[in-house]
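Letters A, B and C mark the chains in the order given here, with residues in each chain numbered from 1 onward.
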């Protein structure tokens, strides 16, 4: 308040204190009337974890990385006969996928490590229970949360393209055009689905190109 | 008997009763509270007798300050809850002397005044009291204030070792 | 009007004021404090902006268990809340609302008010000691030291205005009051208000309660209705100090249309001062115990004595 160690007028601090509180009183309060009015949460809020069962390959990465060990997975193998293939393929089938939210600390590591986008954050947070055991959400309940997963945000038009896109564009344009494809890309490219790239012989796998759902 | 008489008797009984409790109670702090009651009853007596100002001064100074100071000092040092065994020794000689002096004084008063009737004085309003103190009794009043002032200065000298010590070095 | 009816009306009016005004102040404190801290305060009780919050609190207090600690001095412990509340009731009797509008006009009302306010400290000591709790005792001892110290500037400031008016009667002081006294008696008003805040142990002078160091001071062991009595005493205390400052220094019922609207002016001034008391609570941190005594003995008492000299000088010049 005082510059260069100047003595301020006596009582100025007292008056300043009064002024601050009075000014705050005249302003609107920042209180959110939560149970009456739903909070306006950002779409990426960490409320609860949702499971998209079809995407899960039972790789167990999430269960292993979980710092709290609060993810419980059981599975069995199934033979899938693929027409045209030499022999039947083996596939993991999920039997149990439980997350114990009484242990979960919402670090989001499981979601980060999931290679197939089977786990998602949703901003839903009203799942308090009167019994702590009820906080163990099974795979049906986790799958049910998928309804509340918001659509992913649009890509940043000024951002760098993903590695897969850049490689595809370079291959399409031929040698020597890599830098041009990287920098002088039109803004609309990102908005269109990359699968619409016509005639690209080495199109990247579909799973990596599927941010929309 | 008028209402005032009844009130006088009742308040007197309260004052004497709680006064007796002050000295007989084995509860250290409680006797302080009994003193509050006793002094409050005396203020009530003043009020009944028409000396309003004196009554409220009694409350302000004695109930609000002196007894509180006393209780404050007791609580700073030792304030047990419940009876203290070492407080109340049976002291028959003291009781006899006290009661004897009290009874003797009462007898003396009763004998001196007998049934002489005095008109009750004018109500002790603030105005009258002021005129009396600053008119007829101004000299004793001023002497008293000088006495109190010197006592105050003395208390400061006693309680501040830095003042006392310097004088001791000089001497 | 027969005597008993007159008496009944007066007693009823005082009781109504005694019960309603503190609730209004308490509710105002809830809301003002909340908004000063960027909150909204109680919103649910009574549907409209939580107007019935304190009534709900009262119902809650009644339902709570009345606990007396095992080692406590039971009689003193139970008596203390009533002793705390009673003096304020007597004080409210003597406060004039408008011209001739006073429950009990007394020749020396000012003295009665100051004397009776002093009794409050006995209640603090009673509750503090009888609780058999070291925090309570510490709070009580702090309270006693604070109340004893601040009684001096309080009485001196009141004496200044009594000298100026030449009377000890509260309605008399209001009648003698002139607007220019606002300047003449300004230091006394300041001292009286500050010392009054300390007398009712409101922040920033709430060391006897000091919830962050002494749990709740002398009220630590109290529960239910007895605790509610202490809280009520605190809010009646705000009313009393605001009313006394109004009557002594702000000209009570003086204002436009004072013959008809005098009571309104008094109430308005009381509420404005109560707002300031709440405002202080939100704005200032608690003083330290030594700062408290320093403020009293080194600033307020000398200032009050200087004001007495000034009052006497101006009075003898006129």
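Quick notes
In this section, contacts are C-beta pairs under 8 Å (C-beta built on N, C-alpha and C of every residue); 3 or more make two chains touch, one makes a residue touch a chain.
Keep in mind the model is a prediction, meaning the values are calculated, not measured.
The interface with the largest number of contacting C-beta pairs joins chains B-C.
Chain C has the C-alpha centroid lying closest to the overall centroid of all protein C-alpha atoms shown. Once the centre of each chain is set as its mean CA position, chain A and chain C turn out to be 58 Å apart. Between chain B and chain C the centroid-to-centroid distance comes to 28 Å (mean Cα coordinates, whole Å).
Centre-to-centre separation of chain A and chain B, using mean CA positions: 81 Å.
Within the complex formed with chain C, the residues of chain A that make contact are 14, 17-18, 20-22, 24-25, 27, 29-31, 33. Chain contact summary for the complex, chain B toward chain C: residues 27, 29-30, 33, 36, 52-53, 56-57, 59-60, 63-65, 67-69, 71-72, 75-76, 79, 81-82, 125-126. Those residues of chain C lying in contact with chain B across their complex are 71-73, 76, 106-108, 111-112, 114-119, 121-122, 125-126, 128-130, 132, 137, 140-141, 144-145, 147-148, 151, 155, 168. Partner chain A is touched in their complex by these residues of chain C: 32, 34-40, 43, 279-280, 282-284.
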